[in-house]
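The data blocks that follow each hold one structure.
First chain A sits with chain B, and in the next complex the same chain sits with chain C.
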Partner chain A sequence: MTATTPPRARPRPAPAPRPRRPVSYWAYLLPMGVGFGLVVLVPFAVNVWYSLFSWKGGAAPRTWVGLENYRELMQDDVFWRSFGNTLYLIGAVAVVPTVIGLVLAALLFDHIGRSFGARAASVLRAAYYLPQILPIAVAGVLWSWILETRDGALNSVLRSLGVTTLPDWLGDPGIALWSIMLMLVWLQIGYPVVVLMSALQRVDPELYEAAELDGAGWWRRFRAITVPHIRTDIYVVVLTATIGAMKLFAPVLILTRGGPESSTYVPSFFSYRNFFELSRVGYGAASATVLAVVIGLVAGGLIFWQARSVEADR
Partner chain B sequence: MTTTTAAAPVRRPDPARRRDGRRRRSRDRRLSVALLGQRWLVLLLAVVVGVGMLLPFYLLVTNAFKTGADYSRRGPLALPQEWTLSAFERYLSSVDYPQLLANSVLIAGVVAVGGVVLAMLSAYALGIGRVRGRTWVVFVLLLATILPQEALIYPLFSGAQAVGLQNSVWSVVIIFVVLQAAFGTYLLSSVLGTFPHEMLEAARVDGANRWVLLTRIVTPIMRPTMSVLLVFFFVWTWNEFFIPMIMLITPKAQTIPIALAALKGQNTLDVTQLAAASLLSLLPTLVFFVLFQRTLTRGVTAGAVK
Partner chain C sequence: MTRTRLRVAGAAVAVLAGGALAACGGGSGGDDSTFTILQYETTSTAQYKGWQLALEMFQEAHPDVDVEFASTSFDSIRSNAKILLTGDDVPDVMQFNTGNADGGQLAAQGLLDPLTDVVEENGWDDTITGSVAALAKYDENGHAGSGDWYGVPNIASFFTFYYNADLLAEHGFDAPPQTMAELEDMFDAFLADGVTPVSSNAGEHAVLQTWWQLVSGDADRQEIDDFIFLQGEPDVTSGAFASGTERLQEWIEKGYLGTQLAGIKADEMERAFIAGEFPFMANGTWSFSRVAEEADFEWGTFTFPGAALNAGASGHLWGVPASSQHKDLAYDWIATTLSPEVQNEIAAQGGIPVAGDTAAIEDPRMRDMNEQFDAIKAADALSFYPDYPVPGLLDFQMSGLQGMTNGSTDAAGFLAGLQDFYDSGKDS
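After this line comes the complex of A and B, so read on.
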C-alpha cells in the first residue's frame, strides 16, 4: 500500500516503471482458503475418519472398525429405504415443480404479460415465489398443522365437504411421504417460475411473432421456441433442485421425524438421527459420507450429460 | 436470432412497448371471440394457482388472530369472530422474542457483510488476478454448495465444543460466512471475468497497486452485484435450519426459526399460538420480501444462471 501515487492529472500516461508487486493475487485467496479449510475440507476429512470407528461421541472410547460401518449400511433396510424415498422427493422438488413452473412461466410471460399487462404477470409471479422466502422451519410448522389429522386445516375442509373417513395425512405410512411431497411442490414452484421467466426475457420476441404469423398456436410455440431456447436454464433449475432434494432435511424432521414406520426417512435425517439421537457417530458419519458421494456422483453425472447433449447439438 | 420469415418482414418496434399488453392492437382486433375467452381462461387458471399458493398464508394470518375457543368451535377456515392479539401475547410471554430477533439479525447481518467481503476478496484474485488453476479453485469452492451439511456437522459440532464456541452465535456466523462466500466467489468471479480491462490498465498506469485497484476501482463498480448478493446471503442465512439447530441449543442463543421449531415440538395443541408464532417468525422475511422483491427475484436468477 506504499505505492507512490504520481500526480493525478498527467498530460499523458508516462511509461512509468511497472508498479511493484506488493501482494500477489494469491494473497487475496488466503482468507477464503483458511476459512474453507476450517469449515469444509477438514471437517469433511474428519467425518470420513470418524466413519471408520465405532463411537458413541463425546468422551466415549473410539474403536477402530475399518469399513464395518459401511458394510452394515449396505445391509440396513432403513438406509436403503431413505434413498428410495429420495427418488420420490426428487420428483416433488425437481421434476413436478419444473414442469409446472415451466408452463406457468411461459403462460405468464407469453400470454398474461401480453394480454393483461406486465403488472398482472409480476403480481402472480410474486405470489408463486412467496413460499420460497419462508424460513423452512416456518413452512414445516405451518404444514404440520395443515396436515394434522384431528383438527388440521385440510381435514376440516374435507369434513365440511361431508367426507367421513378422513385420511391420516402424516400418520399413515402409505401416504405420509405423499403429504410431504405435496408440501414440497408448494414450496418449490416459485423457483423455476422466477428463473425461467427471466430466461424468457432473453428470447428474441421476433421469433414468437414470426411463429404466430405463421399460425403456430401457443403449444407449438412453447415446444418449438420456448423450451429449446431456455434449455440451459431448465437444466440448471433441475440440477440445483435435484441436489436440494437429496439434501432435504427440515421438512422431514418437523413433519414426521422419519415416521410412521420409517416411511419418510431420508438420508440426511438418517445421519442426523445416528449422530444426535442414537449416539452412533461412526455409523452416522459413514451414512453422511455415502450421501456426499452419491450427491457428488449425481451432480457430476448431470453435468456430464448436459455437456454431452450440448456437444450433440452442435 | 435473426429468424425472419417471409410472413414477418423485418420490423423492429421499440422494445419498451413490447413488454406491456397494449401493443399490437391490430392483431388483437383480429382475434376471434373464442380466443378472447381462452385468454381469460388462462388468466383464471394462473390466478387459481396463485390463490392456492397463498391459501396457507391466509390460514396463518386468520388463525393467528383468533381465540382458541373460536378456533375449536368454528374451525380453521372461518374468519376470526373478533380479531384478538391474545395468541401473540401467549407466544411472546413464552419466548424472549427480542433476544431471538437480535440473534437472527446479528447472525444474518454479519454473515451477509462478511460473506460478501470474503467473496469479493477471493473473486478478485480469480476474476481479475486470473491466478493459475482458477477453474479448479472455483470447482473446489463449489463443492461446498454441493456437500450435504450432514457430512460436515459432527466435526464442526465437536470442533465448536473444543474451542468453546458451542451454543454461541459466532460458531454459526463463522460457518455461514465461509459457506455463503464460497458460492459468492463463484458468482462474483464470473462477473469479474468480464471486467473492462482498460479501466484497470489506466489505474495501474497511475500507479495504483492491487489493493487500491480493488477498493477504489473494482468494488465501486461491482456495488450493484454485491448488494444483490448481500440481500441474498441475509435471507438465506436467516432461514437456515440444520446447522443453527445443532449448534444453538439454548433459547438464549437461538434464531427465530429454530425457536419456532422447538416450540412446535413442545406443544402441538395450541394452534392459534403456533399460528401467531409462525407469523412473527416470518414477519421479518416478509418485510424483506416486500422491500427487496425485485432484488430477490433478480438475485435468484443471478444465482442460477451462468
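After this line comes the complex of A and C, so read on.
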C-alpha cells in the first residue's frame, strides 16, 4: 500500500487519534508478566537452585552437590518407569478422549442437534461435561468404590453376569494403571466434547447441505468437512490435555499412591514423594525440574506442529 | 473464646502448582496473643474426645488465654510439618508423628524444642518408660531411642486379632486360641469349611503389620531395637525377620488372608469383618471403636498367641515448636492431656492411654484391651512399627508385601530388597 496525500480542496478531517506505538501494548501484558514471573519463573528458578543441593528440608543443612541429583535421577528405574507410565496417561487423557470427543461432538451437532433439537444436544453435552466439574478428590473416591476388589460396583456387576474370576482392578500391577486410565477417560471426555462442539458452530452449515446434496454420508462429511475445519481446536485440546496428562497427580494419589508394587508411579507423584515423604528435597526438586523441562519441550513441539499445520492450510 | 476450626493445610497444593516447593512458608497458628494447639486426630477418635475434655480443663485453668484448637490431617502433618515449622506463624504446641522419618527429622532439624528438663520436672518419665518412652526421644541425628525427649505420648496402639465369637461357635470353637498352633488349626478348619479365616488387606497397612507382628513374635528385644533404632548392622535376611516373613508367605500361600489383597483397603477389610464374613481380623486397636459401634455379633480381641513381642507403639506425640511463643502454656497443655481425668476419658472412649487407670474402665471389652496393653507394657514388649527407622521404608515395605501377596516376589526376595533399602537409607 502506498501513502496518498488527501486533495487540498477537501476539508481537513479531524485529526485521527495518533496510533499508539506498539510498545504501549506491553503495558497490558505487564500485570500478567509480573504474575507469571512471581508465580512461575521465580519459584522455578528457586526449584532449579534447590535441585543442586542435598537437603532434608526445614532448618537442616544444605550441601552443594552440583548435578549429582540429576545424575542419580538418570539411573533411577522408578523415575523412568514413571515417565513410561505418562505415555499411557497421555493416551488416556489426550488421545482417546479427543477421538471419542470428536466423534461425539460431531454426532451431537450434526445428528442429534438436527433430529432432536439443539436443546437435546446441549443436555447431552452437559452430561458429558459433568465429570469435569467434579472435584478430583470426589471423582477419585467415587472410582475407588467402583473399582474395589471385593464388593466394588464394577465387580458386583461382573459377578451378577456370571464372571467368576474377577479382576483386582487396583491391586494387580498389570491392571492398576489401566484402571486409572479408565477413570481418566471418563473424566476427560466432556472437555473435547464442549470445546469441539463450540468449534463446530463456526462451520458453515451450507457446506454440510451441499455435501449432503452431493450424496456424502455422515462419515464422509465428518472426514471432509468437520475435521479439517476444526483442526486448530483439536490441536488446542490435544495440547492442553497432553500437558494435563504429564503433570497428572491427584488420581494416582487417591486411587493407588503409586502402588501396587510401584506400578502406577507418575513423575509428579515421584517428585511429591521424594520431596515430602522421603525428605529428599534436592532430589525431588531435580525430578520436578526435569518434568517441567520435558513438559516445556512437548508443549513447544506441539505448538510448533500446530503453527506449521495452520500455515500449511493457508 | 475458643475457636475450633477445621484446617486443611494448603501447602501440598504448592506441589501440584509445581515450582519452589520448599519456598512456601506460612502455616497454621494464631497471632501473638493466641495460644494455638495443632492436632491431627479425626473427631471420632478416643484421643480427640479426650482432648476436648483437656481443652475444657485448660480453659478453666487459664480463663484469660485465647485458645485456638486447630485440626489438620495426619498426612498433612507428615507432608508439611517442616514447611509449617519453618514459617513465621507456628503453633504453640502440636501433635506430630512418631519415628525417625517424621518426628526424628523435625527434632534433628531444630524445629522442635528438647523437652527433657520439662519431662523430668513434671515426673512424666516416671509413668512413661521403656518402649513406651523410646519413640519420644531422638538423638542429634534424629534417630529414636536415645537423646533428648522431643515429644510426650498420650496414647498407644498395638496390633491384635479381632474375632467373631458367633462365627467361631458356628464352626465348633467356643474360645479363641491359646497358642499359634491352635490358631493355625482353626484357620485350617475354616478353610476346610470354605471360609477365609482372616479379613486383611495389602492395599493399606494390615498385611504390613501382620508381617511385622509375625517377625516380632519370633524376635527378641535386641533384634527389634537394632532394626528400629539403627543400632549395629541388623541382618534382616536371617533370624526372626526370616522366620516371620516365611510364616507370612506360608499364610498367604495357604489362603489364610484371602486373595487379591493388594486391591483391598482398610475400610473394605473392616466392613467385611463387621458384616460377619470373616471369623478373624488382624488389625490395630484403632479399629476398636468402629467394631464396637457397628458389629452386631459377639466379638472380642486377643493378641497374637505366644508372641515374644507385640507390634505397637506409643504415639501421637505432643511437641513444642522451637518458635512457639507460649512455651509455658504448651507444657501446661501437655500436663493436662496426661492428667488422670483426660487419660481415663480416652480409655472410656475406646482408646489406649499411656497413663490411664485400666481398673476404672467399665466396658469389659475396652478393659480387656487395655489389660492386654498393660501386660505388653509391663513386659516392655512393644516392637513399634516397621517403617520408623528410615524415610520411605513404609512405601518400600508396602510395595514388597504387595508383591508377596500377588506372588511376584517371595520372602527371600522381599528381605533381600529390604536389606538394601534399609542399609542405603540408614547411611543417607
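Miscellaneous remarks
Please note the rule applied: the second predicted complex is superposed on the first by the 276 of 314 C-alpha atoms of A that agree within 3 Å, B and C clash if a C-alpha of one lies under 4 Å from a C-alpha of the other, contacts with A are read in each partner's own complex, and residues count from 1 in each chain.
The criterion applied here is as follows: a residue touches a chain if its C-beta (ideal position, glycine included) is under 8 Å from a C-beta of that chain, and two chains touch if they have at least 3 such contacts.
Values in this document were obtained by computation on a predicted structure and should not be read as measured data.
Within the superposed three-chain model, A:Leu142 lies in touch with chain B and out of touch with chain C [touch as defined at top]. Of the two partner chains, chain B and chain C are each touched by A:Val46. Shared-chain residue A:Gly171: touches chain C; no touch with chain B.
Contact with both chain B and chain C is seen for A:Asp151 once the two complexes are overlaid on the shared chain. Residue contacts after overlaying the shared chain place A:Arg231 against neither chain B nor chain C.
The partner that reaches more residues of chain A, of the two candidates chain B and chain C, is B. In the superposition on chain A, A:Ser262 contacts chain C only, with no contact to chain B. Touch criterion met: A:Thr240 reaches chain B, while chain C stays clear of it.
Applying the stated touch rule to the two superposed structures, the overlap between the chain B and chain C interfaces on chain A comprises residues 39-40, 42-44, 46-47, 50, 57-58, 144, 148, 151, 247, 249-250, 268, 271-272, 275-276, 281, 284-285, 288, 291-292.
Contacts from chain A toward chain B in the complex involve residues 1, 3-6, 8, 10, 13-14, 16, 19-20, 22-23, 25-29, 31-32, 35-36, 38-40, 42-44, 46-47, 50, 57-58, 104, 107-108, 111-118, 120, 124-138, 140-146, 148, 151-153, 156-157, 160, 186, 189-191, 194-195, 198-199, 204-207, 209-210, 212-214, 232-233, 236-237, 240, 243, 246-247, 249-250, 253-254, 267-268, 271-272, 275-276, 281, 284-285, 288-289, 291-292, 295-296, 299. Here chain C touches chain A in the complex through residues 12, 15-23, 78-80, 82-83, 85-86, 101, 105-106, 108-111, 202-203, 260-265, 268, 271-272, 391-392, 394-395, 398-400, 402-403, 406, 408, going by the rule given at the top. Put simply, chain B touches chain A in their complex at residues 1, 3-5, 7-8, 12, 15, 18-22, 27, 39, 42-43, 45-47, 49-50, 52-54, 56-57, 59-60, 72, 75-77, 118-119, 121-122, 124-126, 128-131, 137, 140-141, 143-144, 146-156, 158-159, 174-175, 177-179, 181-182, 185, 202, 204-212, 214, 235, 238-239, 241-242, 246, 256-258, 260-261, 264, 268, 271, 274-275, 277-278, 281-282, 285-286, 288-289, 293, 296-298, 300-301, 304-305.
Per the touch definition, chain A reaches chain C in the complex via residues 39-40, 42-47, 50, 55-60, 144, 147-151, 166, 168-173, 247, 249-250, 257-262, 268, 271-273, 275-281, 284-285, 288, 291-292.
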